[in-house]
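Take a look at the following structure, please.
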Amino acid sequence: MNSFGTNFRVEIFGESHGVKVGVVIDGCPSGIALCEEDFLTDLQRRRSGKLGTTPRIEADMPHIVSGVFEGRTCGTPITILFDNTNTKSGDYANLQDHPRPGHADYTGMVKYGGYNDPRGGGHFSGRITLGLVAAGVIAKKIIDPIEISATLTEVGGRTDIDECIKETMQKKDSVGGMVSCTCKNVPVGLGEPFFDSVESEIAHIIFSIPAIKSIEFGSGIAAAKMLGSEHNDRIIDASGKTETNYAGGINGGITNGNDIEFRIAVKPTASISQAQNTYNFASGQVEPLEIVGRHDACIAVRVPVVVECATAIVLADLMLRAQ
Amino acid sequence: MNSFGTNFRVEIFGESHGVKVGVVIDGCPSGIALCEEDFLTDLQRRRSGKLGTTPRIEADMPHIVSGVFEGRTCGTPITILFDNTNTKSGDYANLQDHPRPGHADYTGMVKYGGYNDPRGGGHFSGRITLGLVAAGVIAKKIIDPIEISATLTEVGGRTDIDECIKETMQKKDSVGGMVSCTCKNVPVGLGEPFFDSVESEIAHIIFSIPAIKSIEFGSGIAAAKMLGSEHNDRIIDASGKTETNYAGGINGGITNGNDIEFRIAVKPTASISQAQNTYNFASGQVEPLEIVGRHDACIAVRVPVVVECATAIVLADLMLRAQ
Amino acid sequence: MNSFGTNFRVEIFGESHGVKVGVVIDGCPSGIALCEEDFLTDLQRRRSGKLGTTPRIEADMPHIVSGVFEGRTCGTPITILFDNTNTKSGDYANLQDHPRPGHADYTGMVKYGGYNDPRGGGHFSGRITLGLVAAGVIAKKIIDPIEISATLTEVGGRTDIDECIKETMQKKDSVGGMVSCTCKNVPVGLGEPFFDSVESEIAHIIFSIPAIKSIEFGSGIAAAKMLGSEHNDRIIDASGKTETNYAGGINGGITNGNDIEFRIAVKPTASISQAQNTYNFASGQVEPLEIVGRHDACIAVRVPVVVECATAIVLADLMLRAQ
Amino acid sequence: MNSFGTNFRVEIFGESHGVKVGVVIDGCPSGIALCEEDFLTDLQRRRSGKLGTTPRIEADMPHIVSGVFEGRTCGTPITILFDNTNTKSGDYANLQDHPRPGHADYTGMVKYGGYNDPRGGGHFSGRITLGLVAAGVIAKKIIDPIEISATLTEVGGRTDIDECIKETMQKKDSVGGMVSCTCKNVPVGLGEPFFDSVESEIAHIIFSIPAIKSIEFGSGIAAAKMLGSEHNDRIIDASGKTETNYAGGINGGITNGNDIEFRIAVKPTASISQAQNTYNFASGQVEPLEIVGRHDACIAVRVPVVVECATAIVLADLMLRAQ
């Protein structure tokens, strides 16, 4: 449900405007140096404040409350908590009656019989990814020397990204984007056959990040137009290095030692400042809804670090599962 | 590893040229009418014999050996076996030294320390999807009245699909394709928050099917170019129906009652009849490799039924998990 | 590892002298009334302060930090935290060199390569059962009207329990005890065949409680001396009620509607105030070890409520798994 | 449900009088020598034919149909099948109306809504342990040099075991027994904290074996009468060896390098040749039931090898989970 992984297991909890959000990481090897400062760089990358992101600034300070002793992981579950300090619950009244388009207000309400926490998206909020980033910071230490790097490559189909976001903000609108991710120094042989292929595991965790609409590995969608004689990556040396990398570093669900490469599409933020006509379950009418509050014009800006951390979690788990 | 699902659990086994391939389905409710004939339509759809598919014809007869009593599921694990009868192992000698490009020969060899079964791709063969189809046939009964339909929409970027495949075969090459899938009559509220979103679960199982390179839900990759004001699906009535379906029937990882829609890219079959230059680990040289044997010119032709069945497995599991 | 359950999943974390201990409960249905006061009765029962238990008194106040909104569970993970306030770490120096007999000091040190938190037993401490009790309080609400009752029936083989404990304390020793548990109003049909039999699930969670040495269901150990003609419980009415209950309410791993009955043996507390001769890894000698600090003379006194709560977790999970 | 294990996973299937019973073993390392003959010794030990066991003799020939290539495990799921050849289904008519006392006829019928396979106990039959033994034979190879030995120590409270069984057979009755198990050469550090303690894992799998009523580790039930000063096992050398072994080789759920020791009680076989008065759901009366067919007078005779194999599965899984 809210956990992921077999030997490196991550359990996420919290609601956007609840008391705390956080994560429990079970199965982390003992003896890894870990302190709260280690999380700050990636948390800062995820944090709001840059162009296109919400003015809501949380302290985002991680508190390690279990699993670390004298600066090292002790092999038992690591719990990291974040306080929710800057919550304005008044902003989110009447979402149950008049659910926001593109959000989980309606699905959450039906799934949980009206008992879901609607404030700020509750458990469906992007704020829940704080725990994912925290777990990913630890995972990155485990998978060293694998290096994962994700970057925003396009916004609204354009590469002048800042400009595109500014224009979007002026229109009181939001805009989508593309994120690319590359993993270097990957050993050959990670991944499990059939259901736990590397693509399956990465896609599984990536689609748990809010707002992701697609994932492509290597050649991706272009593969559908290609011939086998083009697409097959010829091995060129005894390390398994291939001439091309249409496979995206994975054959038969198993890493082949070349870079893992994938790209994802991020939808435009669902919250926009324009009024939107949508159904009001109380009145039984389609009526304009205005969403007050604070929004990211381009949530894709904040996604790369989350993608890196999610990918690190997958690779850490696969490494610990490999015999 | 080779199992999928929480409450409806599928375990796949077998190698392409081993004694049998098959599947165990655990958690199927009791009392569902089931006999061997029920599998034949979907198995036939998956089977070779159509244009662009391999001349290797297996009997593909399913044998139910547990879990069914007097024509109904009895609540205990259902095991379905398929014999491998038409195997020509001689075709696949020396793959360990000179692994085929685009295949799992090299990754399988490294992962399993040289002990993998290389014949016909072993456990990495598409033949293993027989068990997935068998499990999906049962899942379709559980999720009724949900209807899942997948179709091949493009081959090599073209819609004159048969023509494209014929030309490809004349070139002794292979070609990729696109498959679209739609699920109708889906109840609101399936899916689990965060890690077990509907997209996560579907993507997980879809990427276990060999040759899949991408998956997009609803707007998919196009979302990256869109504005929020376009992309947000306005709800228009009390059933939750939306004007557009960029969400692909899913908000916050939970079904919203609109059709689930996704598309996948299938790579060109890795086996082609042309010689390919690739590394020979025995000689230490890049050398031409000729792959004798029987190949599908367009494996995408056989993918739609497998996608339907895989999706049915996910939805059956999510329905049985829903309280 | 530190999680239990399939559809009602409990993740435990914390070290005795760390910052916090706690629990995440995933899969709890939405809409259940829940507030912090609900936990106090069972926490008080578990708490120290009675005869034979440690003078260490923690506030043991539960803090719900996620998963509850306006006094009801919202369907998302429920996190409950407990502060560790009354820790005297100085008491536990040099356990790494001179591990206490009957404790996990040595096994924890080897398993975690010397990085375990040795203070107060760390993650092996009985204090970790706070989270189990908290989860059990919620589980009891789910399984209503099932009633679970566990009681201490013997201490040191005697039924004058208080007297036996007093004598033990005067000897600066500790003593074991027996706990019996009965579950009433159990529906027929809980449990899963083979590996997830009711006995398997209950035994699994019961043996995660520190200090448990045995478990017997129904006739238990006496069954080994009995004849089938005596042991078979004859059904006497259409409700499935049986004349005797040697089965302990379970046949073939499935509940039969009669009371679930089991008994467990609890070992004497490992910490005693007497000096004990045991190996010192630093000196390479068997040497006397004195354990200063605060000890329960009879930990069995605190076990019944933990057993009830653990059993409730199992039954809640099995109920949510039943179709 | 019918699977056990995390990294070494066993899935059991089949009904007593169905087509086949068997097992899929997922996660077995590659490169282990394995052929069908390897199973015969333990299968023979489990097999009927000795004093006190049923005259039903199955060929019990194992058929490996996946996961083994050229005499070695290939890292993919290993499937082992057994044919059911000697089935007399006529013996088991009308069990749905007049369920046998001490059997799962009634619970199975209710759980599965009347769709269970009642013939010979269906999936609840001891015959299903064939798969457990097969998986255990493989597990024993993985855990080498750990040696597991289980023996029948008492029948009906007596040690003149053959004599006791003969007398029981003459009375057309059945009788229970005690089985002891010891594991030697166990490394320090196996087991996971809290929920996956070694005792939890062993007890879980042992209670999936039909007819088990209790399990005790080390001191077991006697611990309830002991003092801490007696019960604490003093470490006497640098290997962690202890003077006594009341812990049964386990502290804090983790192996301590001393022998793992546990004992179990096996109930008398539920099927006896005497008529028994029990409720007939068709007539609404308590009426005599005669069970024709073939029965073990003392099923405990066949249990030791199953206990060994089940324990080997646990230890193999824990070894593969240990980092």
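Think of it as A, B, C and D in the order they're written, each chain with its own count starting at 1.
Just so it is clear, a residue touches a chain if its C-beta (ideal position, glycine included) is under 8 Å from a C-beta of that chain, and two chains touch if they have at least 3 such contacts.
It should be emphasised that the depicted structure is a prediction, and the values quoted were computed from it without experimental measurement.
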Intersection of the contact lists for chain A and chain B: C, D
Contact-richer chain pair [C-D vs B-C]: C-D
Farthest chain relative to chain B (centres taken as mean CA coordinates): C
Where chain B and chain C are represented by their mean Cα positions, the distance between them in whole Å: 44
Length of the line joining the C-alpha centres of chain A and chain C, rounded to whole Å: 37
Separation of chain C from chain D, taking each centre as the mean of its C-alpha atoms, in whole Å: 25
Residues of chain C whose C-beta touches two or more other chains: 1-3, 12, 75-76, 111, 123, 193
Chain D contact footprint on chain B (complex, rising order): 1-3, 9, 11-15, 18-22, 24, 26-27, 30-31, 63-67, 69, 72-79, 81, 111-117, 119, 122-123
Contacting residues of chain D [partner chain A, same complex]: 6-7, 29, 75-76, 193, 320-321, 323
Interfacial residue positions of chain A with respect to chain B in the complex: 1-4, 10, 12, 99, 101-104, 106-108, 110-111, 121, 123-124, 128, 154-157, 168, 171, 173-178, 188-189, 191-197, 199-201, 203-208, 210, 212-238, 240, 242, 246-248, 250-256, 265-272, 274, 276-279, 281, 284, 286, 300
